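Given below, in the form of structure tokens, are the structures.
Below, chain A partners chain B and then partners chain C, in two separate complexes.
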Partner chain A sequence: MSKTINVALIGNPNTGKTSVFNALTGLNQKVGNYPGITVEKKQGSCRLNQTTKAHIIDLPGTYSLNASSMDESVVIELLLNRNDKDYPDVAVVISDIENLKRNLLLFTQIKDLKIPTLLVINMSDRMVDKGISLNVNKLEQKLKTKIALTSTRENKGIEFLKTCLLDFRSLSKVGCLDITKIDEAYFGNLQKVFPDQSLYKLWLVISQDVNFAKIERKKVQDATEYKTQPISHLKRLQQKETIKRYQYINQSLKETYSVDQSKATDYRSKLDRILIHRLWGYIIFFLILLTIFQVIFGWSSIPMDFIDERFTKLSEYTKINLPPGLFTNLLAEGIISGLGGIVIFIPQIAFLFLFIAVLEETGYMSRVVFLMDRGLRKYGLSGKSVIPLISGTACAIPAVMATRNIENWKERLITILVTPFTTCSARLPVYLILISLVIPEGKFLGMGYQGLTLMGLYLLGFAMALLSAGILNKMLKIQSKTYFVIEMPNYKLPLLKNILITVFEKTKSFVVEAGRIILAISILLWLMASFGPGKEFNQAEEIIMSRSKVKSFTAEQLENEIASHKLEHSFIGILGKTIEPAIAPLGFDWKIGIALISSFAAREVFVGTLATIYSVGNDQEETIKNRMKAERKSDGSLLFDLPTGISLMLFYAFALQCMSTLAIVKKETNGWKWPMIQLLSMTLIAYLSALIVYQILV
Partner chain B sequence: MITLDLIEKNQLGKIVAIDTDLLPLKLIEMGCLPGNEVYLEQLAPLKDPMYLVIDGCHLAIRTEIAKNIKIELI
Partner chain C sequence: MEIVQILLVAASGIFSIRFLYKKFLAPKKDKDCGTDCGCH
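Showing the complex of A and B:
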């Protein structure tokens, strides 16, 4: 009979908490969301011995239990709610050897919650380099805990950590700080009112707005009366608490932890002198960005071409080898074509996630924030907006979530509103196919026109984001304090395992999420294209046959004529025809109109939609691109010519065609007001710019 | 006594007083407390934000926050 213990990993950001999590769980992990909120929830399992398993939950990184963001309040809520199924049997506080003092602040807070607490001191491989010496046994006595010295880089100490976890019952539950010492009158009074409650828990509930689980809240409901204290008084008490904690920590570290500066090598300062130099810093950042784009587009094309070809073959194979009928058509024309549209850009998304993960793991991202803060402030953004804007090139959804560590509400709101302008990977397949259709292959200064166009579209996205941020900054009248604080962590070589797991998890969840929508839409589209009302659709063959001009047609021409007549009078055709007058001035026909409508679910549907529409009733062995190339207007000229192509690209560059982004913005801004404003203004900008450009070019 | 935004490179300061109402708690928790030492590691272009080392902790803050911290040069 095996039993399971609940383990919670808690720690400051940049302590290698995730490395410890990965070392313990390997690939036995899953990433989801906390119910109702979009904070990432990572959990995994790890076998400790024959009979015991650990269920490990990796809590979001936090500097203390005084929550200032949604991610941090998740930590407090779990630790205060004994009835939560994830409530830890043992809390593991991860610290890093270099910042032990600051990391211990959180440790003392967790310990005061009277949860069995184990201390992990990670990155022990750096002790020699940094001239650090540590007396583990003595520190264990001082802090009344068990310490596991680990190095995830050298894979040391993890087995020892597991044995410590097994032995969690022997951990002391004695707290660190006598909280009444902060203000005896105040806390004495509090204890009198709630004699059977833990004072520190009460204090946490009083000192911050955390949305506690119902049961716990009922018990301490009356405690909120104590909130009537002026905020400044509460803050002063929090400051006093912090001072007391540091006194305790300094006391504990005095005889146990020492740094011999003469032996320490400080490559952080040396690297910083170059990487955030007022000139070189920017040049290096620009070169890094350039390399990223080069790699994404250069390296991805090979696997992408391969995937494209495979899916086209698969679709044909299905048609030939399965018995003909409705189901086979749905599979070959609806589902496989639609899925091909998403699978094809897995390589690019994976590369992008890879680079973002590397930039974050190495500690370079904080430097970018530092470099860009002043410049971005002009536009009402923060240096921390860089991370959302860069991750926005992968997907706006994680990017909007990444705005959470922007402390200033106005800066955060503006970042959320403009992030969808950055060129997300869902726009890529649209751009790629349109560019290859309408932009010639020539070269300019050694760079292909096509590559330059793509680069231009990315720059356009950033420029539009900045421009609209500047306008919003002038328009929005929101007063909020600036609380910009960012840690500048030491540089680290990224751990391959961490990077690979991150890339795998993120790509997987992206593909699953997007795939689900695309699958549903492909099926719906196929149904709408395969059926229609009235006799125009149902008697298409007779109608075409009765026309005199078909007499000279070959069998193949005849079939095409019937198929296109059917499509035009199917449900989807009628829908497309209805909106055609509105989009005709932009150079779009009703088939593109259908793709635009379905793109409002998600942009990446565009290619899949066209594939579905064009392949209905089409048996030829052709790729999507060739089918699009063959499309003609009623006057016989090419449908996808330069003006239409450019107009369409601009529309996709500016329009907010993504239901998931709207949903996440609604969650992050607590209401429909901002997502609706965002949707309307972005659609308007897209429509007008496409209209103007098409009318000029045509 | 000067405010922290005026500290220059190669100067070592000691925090004397902080304005609790105007400072984020996070900064205090990272060691920005009276008695702790502080020096300037680097300034971003246009002298903002400031990259400081407070009590061994490397962090960056904007000058407008630094104005609320009083230091003594030592």
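Showing the complex of A and C:
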């Protein structure tokens, strides 16, 4: 019978932990969340031999067992909780050959928890380049463990690692540090009160800032038999513990590990001098961004057009070939269009994550984060907020997901809340049609007004994001540590397998998570636009036919007129009429109201909705433009004049018109509180700015 | 045939509402949680 052992992969960030995980599991992996929090949980399986399988968990990167972020708390919670179904039979600590000394701190802590612990020294292919020599056998004796020297780049050592995992019962459970040596009186007393407990485990429970779910922290804190100590004393003990551990590590490495700098062929220092330079660093980053966005838009447009065209064809094909009826209409206009609305974003999202993965894999992203941290900190953001803010220009959904690597919860929350202000690609069609309608074609200093307006809207989005972040930073009273530690990994060539897995996982996450929501809403919107109460809707044809002016209409014009009348009296039309009094001060009529409601699911629906309302096919932009241009208010004046156009653009610049963003924010913040606050405040900002601008301009 | 089409449309609507309700409003149990989550 096959048996399964639980294996936990633990390590400092950038030690190649995920590469080892990928090498062990291949595509037999799944990604979820830890219950109650939004830290990603990656697990997979690997067959060790005919009878034994390993269930492998890739735990979030952590520098030590002294937790400072949600990711790190996850590691400690699992290692302290024997009742957890994922509690490891064996812990595999992944270290990097170049940073072995620092990586071993975590190793010694885990070994002291008396869990069978195996040490993987990864990136062994860099030993020659860096002039490193290592006596593996001697180090195994010193650390009382088994060591697997691996190189995921060259696919070396993985089979040996599997052999070590099979043989995990032979691993010594002897710890590295006698914790009582730190303060004999304190730890002696503690052991007396809890004689059956592991002393180091107790110490971890006492000394952590994080609140462990149901682990016996409260029991330990409430125990009156032992003398509790003030936090400052506990911190001093923690420092002493770290010093003792490094003494042990230094002693172990002294005779086993050496670096001969004269043999190293190091490009890192040379590159760093340029890439994090106070001036050149920014210029290079700006140029890289410019290139990436040009390429994203350039490359995406071809597959996006292709997808768009295929879905339009599929929709037409469905209408022609299926028996006419309600469901065929739903399939062609609701479901296929809804699916198209999801699939069309795949190229952009995949390309964006491809570039982010390449920048991360090469080690450049850490330099960008370091470069940006100072400027963003005064707005309550961190250097790591740069990635979401920039990716937000393509789509807020992956951008919000990209905030996961911000350790500090307050900074992460602020980034999540302000990211939707950056101009995403879904706003682009809205801006383009409105700009072409209300902004004149003249030039200023050789640059067209229309182009300048578009650039202004992008800048406005960034400015609003920073301003809101500054306000939120002052308002939010969340206690969290604010120090900034960033690993500067070595530059390396990206591993194609890792990049492809990242792109696949992130894209799949978008399609499955956000896609199902968009599809369901599309179906409901279609239903609301296709049905309506009363005579006006149900007898639309007769009502239109009885009007004298239709006699001169062509068949197509007549069909459009009926569709328009039906839409006006459909449920969604009634909704538009209902909200008209609230949006009239902004210069919007009920038809724009319908577009506002329907584009709540996704902004890009705006143009399509107006196209339907104004009774023209949604792929003839010029025609839509002309019809919109000709549209008049009840007083006979133009509907889309400068005040209404600007007001509408401002509304779309600030409003959170995106159901998928709401859904992803709900997922990332684990509740409705923050997405609701975000929705209400962004809508309020949008409403007020549109109102003020319209009232001034009109 | 028309009745079948109407039934299919009704089913799509019901499934959409049910999906959105379950996704956003219904209290849910995390299937992937350990014994510490409090939902067991």
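Keep in mind that, in the parts below, the second predicted complex is superposed on the first by the 479 of 698 C-alpha atoms of A that agree within 3 Å, B and C clash if a C-alpha of one lies under 4 Å from a C-alpha of the other, contacts with A are read in each partner's own complex, and residues count from 1 in each chain.
The working rule: a residue touches a chain if its C-beta (ideal position, glycine included) is under 8 Å from a C-beta of that chain, and two chains touch if they have at least 3 such contacts.
Note that the structure is predicted; figures quoted are calculated from it, not measured.
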item: Touched partner set for A:Trp280, first chain B, second chain C, both or neither; value: neither
item: Partner chain in contact with A:Phe306 - chain B first, chain C second, else both or neither; value: neither
item: Partner chain in contact with A:Asp373 - chain B first, chain C second, else both or neither; value: first
item: First, second, both or neither for A:Tyr267, with chain B first and chain C second; value: neither
item: Contacts of A:Ile517 with chain B and chain C, given as first, second, both or neither; value: second
item: First (chain B), second (chain C), both or neither touched by A:Lys235; value: first
item: Residues on chain A lying within both footprints (that of chain B and that of chain C); value: none
item: Touching residues on chain A, where the partner in the complex is chain C; value: 32-33, 35-36, 41, 77, 81, 83-86, 213-215, 323, 325-328, 330, 334-335, 516-517, 519-521, 523-524, 527, 663, 666, 672
item: Complex interface listing, chain A residues touching chain B; value: 63-64, 66, 68, 99, 101-102, 105, 232, 235-236, 238-239, 242-243, 246, 268-269, 272-273, 276, 278, 366, 369-371, 373-374, 383, 407, 481-490
item: Chain C residues within the chain A interface of the complex; value: 1-2, 4-6, 8-9, 12-13, 15-17, 19-20, 23-24, 30, 32-39
item: Contact set on chain B toward chain A in their complex; value: 20-22, 24-31, 33, 41-42, 44-46, 48-49, 51, 55-62, 64-65
